[in-house]
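Letters A, B, C and D mark the chains as written, and numbering starts fresh at 1 in each.
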Amino acid sequence: MDTQTVFRNLQLVLPEIVLTLTILAIIGYDLFLRRETSHRTGLVALVGLAIMAVFLIRQGTTPPTEAFMQLVRVDAFGRFFKFLFIATTALIVLFSLHSREVRTYKSGEYYAILLTATLGMCFLVSAINFLMFYLAIETVSLSSYVLAGYLKRDRMSSEAALKYLLYGAVASGVMLFGISYLFGITGSFSMAAAIGGISTQKVALVALLFVLVGFAFKMSLAPFHFWVPDVYQGAPTPITAYLAVASKAAGFGALFRFLLPLFPDVEIGQTLQGVIARLDVRPLFWVLAVVTMSVGNLVAIRQRDLKRLLAYSSIAHAGYITMGLAVMNAKALEAMLFYFVAYLFMNLGAFLVAMILINKLGSSLLDDCKGLVSRLPFLAVAMAVFLFSLTGMPPTVGFIAKFNIFYVLIAQGTWWYYSLALIGVGNTVVSLYYYMRIVNAMVLQKADVERPPVSWSPADGLLLLVLVVPTIVLGIYWSPLIRFVTVALQ
Amino acid sequence: MLNIAICIIAIPFVALVVHTFLSARMPRRGDWFATGAVFLSLGLACWLFVQMLFSPTPIYINFHIDWLNLGSRIIPAGILLDHLTIVMLVVVTLVSALVYLFSIGYMHGDVRYGRYFSYLLLFTTSMLGLVLANNLLVLYIFWELVGLSSYLLIGHWFERDTAAKAALKAFIVTRIGDVGMFFGILRIYFHLGTFDYEAIFQAVANGTLSGNIRVLAGLGIFFGAMGKSAQFPLHVWLPDAMEGPTPISALIHAATMVAAGVYLVGRMFLIFDPTVLLIIAYIGCFTALFAATIAVVMDDMKKVLAYSTISQLGYMMLGLGVGGYVAGLFHLTTHASFKALLFLGSGSVIHALGTQSMREMGGLRKKMPVTTVTFLIGTLAIVGCPFFAGFYSKDAIIGAALAFGLHHPQHLALFLVSVFTAGLTAFYMFRLFFKTFTGSPRDQEKFHHAHESPLVMTIPLVVLAFLAIVSGHGGWFQKYNPAPQLSTYEAQQVAEHASHVQPEASSSFAANRLVPAGTPVAEHGAEEIADEEELEHRAHLGAMVASTLFGAIGFFLAYLMFFKRRLSSAAIIQRFRAVYTLLSNKYYIDDFFHAVLVRTLHAVVWLVGVFDKYVIDGLVNFSGLATRFTSWLVGKFDNIAVDGAVNGTAWTTGILGEILSLSQTGRIRNYLLFIVLGIVTLVTVFVFIK
Amino acid sequence: MIDAHLLTLIVFLPILGMVMVLAIPGSQRQLIRITAAFFTFLVFVLSTYLFLVFDRSNVQMQFVEHYSWISQYNIWYYMGVDGLSVILIFLTGILCFIATFAAWNIEKAVKGYYAMYLLLVTGMLGVFCTLDFFLFYVFWEIMLLPMYFLIGIWGGPKREYAAIKFFIYTLVGSVLILLVILAFYFKTGSFDMLELIRERPFQATPVFEKVLFFALFIGFAIKIPVFPFHTWLPDAHVEAPTAISVILAGILLKMGGYGLLRISYPMLPGAAWDDGVRYFLAILGLVNIIYGALCAMAQTDFKRLVAYSSISHMGFVLLGIAVLNAEALNGAVFMMFSHGLSSAMLFLLVGVIYDRAHHRDLSRFGGLGTKMPIYLTLSIVGFFASLGLPGTSSFISEIMVFLGSYQVYLGITIAALLGIILTAAYILWTVERVYLGKLRPEFEGFSDCSGREIFTLVPLALLLILFGILPNIVLDVFRESMQYLIQIVTLQ
Amino acid sequence: MITLHHYLVVAALLFTIGIVCVISRRNAIGILIGIELILNAANLNLIAFSRYFEVGLEGQVFAIFVIILAACEAAIALAILISLFASFGTIDVDAAQRMKR
């Protein structure tokens, strides 16, 4: 590998390099800041993300290239997720700047670690080699563990971190063990080779399942979701939102990358060089989707804490997205990518509301939300919009997202998929039930006790607006989003 | 002439609109304005009447414009002006005008004086519309509108619960009739696709409308007439309607609106086939007798008059039913004058005394001479005293009944009953007169305050009294025999109906049923028509004698009992206690309706209400109940009950969620175990079982 | 110029109004109200203009706007109106303007109220204007959220229950509608309503067509509402503020009928024209008429009674639609229109007394007529119009339905005729209990209708009478369209 | 002769022991050790495959990365354990169950 190649390769990861430099800058800048002023590093992070976005956009014209001795592949598909991560991270930074929880601690490292996790994700979705994949996923995980436990003096946060760490470590250990077998079977760490090499041999299938555990953990698919509620509840709210959106998207992105060769009509995967995939994993995802959405929705019903409820709801949404994997074609992939964008706005919005509530009231219990509409009308209306979108009601983007997924299912035209769609609809109804309970508490019920009036800052409103507007506008006019998604698949 | 007709209805209508919005700003709440408008209409109507009397050819104008486009057909609305219409116009405007005038005195100082005149104008307008209408749909519209104004005016003093209830009753009972009528209209429309009188008569004439359809249509329409004209058993509203101000009783519930039923039967005469006519005759006859018997025992002055009205309406129906087309309508006209007179007279008395009960009256003739005289004239007219209006018209009916009876001996009862009723009429009317105006006052204090009514009230009385005498004379009513306006064939039909000559066997199957079984239909040849006329003439003579005789007997009895007091009414009541109770309770018809219909309805309503609340709503909310159970299980989620309705499986959902959430133990070691279990399961299912 | 985008203007003016309202500080209540009134007035003016310039003899869609919206999904921004839409848009224009004033005395969160209200108006107008199935569904759902808030926040004591119930029912209905829309989309790949009407994609599969028809029917039946899906209505009405009841009864209920005529019938003609289906629908219509009337009679709450009367009246609409001949169908549509006016008036009337007495218990009223003569007069017009008294537009619509249904379903028609007796009974009974009789002492101090109340009531009263006397003004608008519809449906 | 199978068996055993250790230990350190066992089982596989299939040094390189990451993980884990100890006064993982269901 000559210097020229190295430089060319480095050029391909320029956005990631920008991000790395930002992290370094934050760490350096943080040395000069006191606790009270340390949140300024967040602004640095924003600037860094902006620059990264610019580089990413400039990269838009380069054809798909494999770099670093086929460790990563730089293509539109990865860029789609990277944009997603940048947007999410930027919003999370904004959330964090606004979060009382986060601001009680010195936040230099916080932003550094946050961006590190993002960096890991960027590599995760580009990785086409298990080595890179493992490194990236561990980067994400390790950063996330720290972030989840960032509120050092908070018991729940520590507990969340511990649970997350132990669970994550075991999951990644199992995955690694699986990878080791796949290596043994194919003699290569190439992910495409692994997929191509898997025969119906039992060992190979077991190994594949072991690997999928790692993905499932990140994607919070049942039955590997147990960490989710506890971690989401205990972690600082912006981090919860981050885990729910970015981390999950990264997991899905990586899985898509891994399984792309199995998508019959998608051309962007690594060439299999004559190897035809003999594997049909669709039934597996059929089951996982059903279990995941059902568990998420059913358990969500009895939750009384908004954050925990949203945690279950995010499990359920992972289930909805997984329905697309049960179909596994280009249309389904499009629908799933679309869903992520929709999910980004609506779920971040919902978590933002939870965060604002914690800022204002110090708790996110549903009981404390009662009668909120009279005290914080905009917050209540915005929350209603987000929840309606999460339910999948027009005219919100959540409706279109669900519509796409169900469309793909029904277009398959077999009873397996009809029944999956039916289960999906049933789950939507269940989800409506608990989402509406939140809205009902906010809008219809009276507060049990007289509460002091709460202040409302323009920043709250602005942040909400940033998320409410796309949630609705994209629900009415989503053509750009479709284009954005289709570009990712070229 | 058409323009005049339009003006006749337009004037009160414009007055109504203006008065409704501006009466508060008008002097004296616009009473003279309203009265003036109606007098104007009256003038025009009289002009038409004169035209009619001296017109060499019959007047017949059918004018219409497209009104309602149904999509399939265009329904016109228009005016039919013939002699019947003109007479009705005169009757309506005349009585209206006099009642307006009377009301100025009678209603003086009323809380809703202005509103009263608005309502009156509404009534006059709609009544004129009803009369002028040239098709059934338009007629039905005004038919309902007079019902509305009747409702409003009965309930004018709505502070009195009885008035409010009476208004309600009047509207609903007549509405029941209206539904029947509407059914008849539907029947006709379905069959002919038109509402137009002319077209309908044409259809009857050429046999398009015949058989069962014609019977049903006729019955439906007659049912409506029964409601409006208070024929048994839909008569129950009329006595209660006396809760309205007395001028209203005179105008609406004696002279005009209640006669609308009779008018309708007359107008639609051709549509009734002989069976239906027979039914009409019997119902009318029965009503006449039935109401007269009740009138005998009533103590309330207005109630007596009310039952008398029902009875007289029965006469009219009888007259029409037995084919006395002219007789029935003639009686309508004369009755309008003398019954309005009687009511206004009683209004005058009530105005003076402040009571309606005859038990508190007596001896008023000294205090109220004008009222007394005019009332006496009215009484004489109604009992059919010779040379008064009622004599001619009533005799025409009874004569027709007798002629009919002679033709069809099995229906002779119609005649007998009507004659007997004439006697009853004389009895109760004189009972009323004697008890009120003669003898000694029963309530000295009231008597003391009594006084003759002001001029605005007495003038109408005098005018009406004049009419009650003259309206029967001159044979003018023959003019409004509708026959000349119709085409020759139709005219023939009318004549045949009236005389029950069935020249063609095939004309209708139902017609044959009127003819006694076994009578060869063909016998009724042209040469027999002369005999028919002879028979008719004789019948009228006989009827005149009989009814005068019975009237005299009635009068004499009343004279003995209430004037000379030779016979003690109390003793007679004592003697026939049961009969008296039955009569004074109006044969318990009201109670029967209340017990059976109203109660049943209330029960049904209650049941339906409960059903809706607990079954229909409950069914949907069943899941709500189930969820409540869940909520008890988890702790308490207060409002879940309703949310549960999201899906019927809320319960299962809750339980499932509960069970699933058990796995979320909070212990990391369990979670790790679940990873292992998860892997094992997946491996088992997808690697080994698959 | 204005004609080219008239529908867009009508539909989105309220949104503009909403933005304006939101921009005004919440303390400027009067200004907010005036702004809302101004925008609803504009809508009223434009809808009247539409009503006037609409070409009555043309059965094609008019004022069409057709732009690509989301090309990947073949979704178009497709607006256009025929007679049916025009009449309902006109109705919406009238009622929205009036309801703005009916809500004048709301003091709680005025800004929020009018913002939601204007959004609701957009949703309703959108449903009547759009010809793209997807857009239709979006507008259909847009109404849901504001309505939920309007009942839930500004409603009466049991608003929570009512709002949730409304929400759930409506949602279930719209899910069914969505399923059918999707079925069409999967079959044809098109959301274009007119194209679907032309193509009748399910004609070849009659059984499936019926399934779709009934799914759709239930969706719309909930809105109409048809027994036994009606129980949300009384609760929603009772708890909703007066102005919202007006909108709910006046316009939202019409959406069910509109949906049937715009979607179910022309797109699934095989099912709609099936004898059994028609008979079934006619029976349901009859049940609605009788059952609604009986239930109305059983009520002790004034507003509930009026709500049930709506159910009864909507039975005529359903009956007329089921019969589907010229008389009955025109009657049904006319009923939708005149019921919009009369029920709106009744709810306003109830609102007047509720504002004074603060309760709606029928047994505790009485004699109000003495104290409030103007109110009495208006009430009589309102109630008798609802009763179907000749001279009011309700009468015309009722008889038209009867004239039509008699030709097809004799028995049902006769039974329905009994329903009009019941209607008379409960309405008169109500009038008697509330307005007549002795004045109760607690009502001694009641003032008669205020200028604002008169302003809201009188136009409705006048229109009811005007259209009762000259029904062709309204009938002309949709007659040809309905004729065309019958042609489409009966053309097998 | 030590064949590939021997390595694989040992690795599988190690993995199993690690799993058992993970799910049975209450002490957080014990669980961490279990995790190390799992990772090392994987390492053993990787190196064994690499050696026997002679596909270059990829497996060994991977193993080195795993070891490094395991060290990072342990560092973070210990940091979290300290934080946990500060909050709960114990490193018994069962103590940390404030959030459940």
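Operating definition for what follows: a residue touches a chain if its C-beta (ideal position, glycine included) is under 8 Å from a C-beta of that chain, and two chains touch if they have at least 3 such contacts.
A quick note: this is a predicted structure, and the numbers were derived from the prediction, not measured.
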Third chains touching both subunit B and subunit A: C, D
Chain pair showing more contacts of the two, A-D and B-D: A-D
Length of the line joining the C-alpha centres of subunit A and subunit D, rounded to whole Å: 26
Centre-of-Cα separation between subunit D and subunit B, whole angstrom: 99
Between subunit B and subunit C, centroid-to-centroid distance (C-alpha), Å: 35
Rounded Å distance between subunit A and subunit C, as computed from the means of their C-alpha atoms: 44
Touching two or more other chains - residue numbers and ranges from subunit B: 639, 643, 646, 661, 664, 666, 668, 672
Set of subunit A residues in contact with two or more other chains: 162-163, 166, 170, 174, 229-230, 302, 432, 436, 440, 444-445
Junction residues of subunit C - those touching two or more other chains: 160, 164
Complex interface listing, subunit A residues touching subunit D: 130-131, 134-135, 138, 142, 145-146, 149, 152-156, 158-163, 165-166, 169-170, 173-174, 176-177, 179-181, 183-184, 187-189, 229-230, 233-234, 302, 308
Touch list for subunit A against partner subunit B, complex: 162-163, 166-167, 170-171, 174, 202, 205-206, 209-210, 212-213, 223-224, 226-227, 229-230, 283-284, 287, 294-295, 298-302, 426, 429-430, 432-433, 436-437, 440, 444-445
In the complex, subunit C residues that touch subunit B: 160-161, 164-165, 168, 227-228, 230-231, 291, 294-295, 297-299, 325-327, 329-330, 367, 369-370, 373, 377, 380, 384, 389-391, 395-396, 399-400, 402-403, 406-407, 413-414, 417-418, 420-421, 424-425, 428-429, 431-432, 435-439, 471-472, 475-476, 479, 482-483
For the subunit B and subunit A complex, residues of the former touching the latter: 634, 637-640, 643, 646-647, 650, 653-654, 656-658, 660-661, 663-664, 666, 668, 670-672, 674-675, 677-679, 681-683, 685-688, 690
In the complex with subunit A, residue positions of subunit C that touch it: 69-73, 109, 112, 137-138, 141-142, 144-145, 148-149, 152-153, 159-160, 163-164, 167, 171, 175, 182, 186
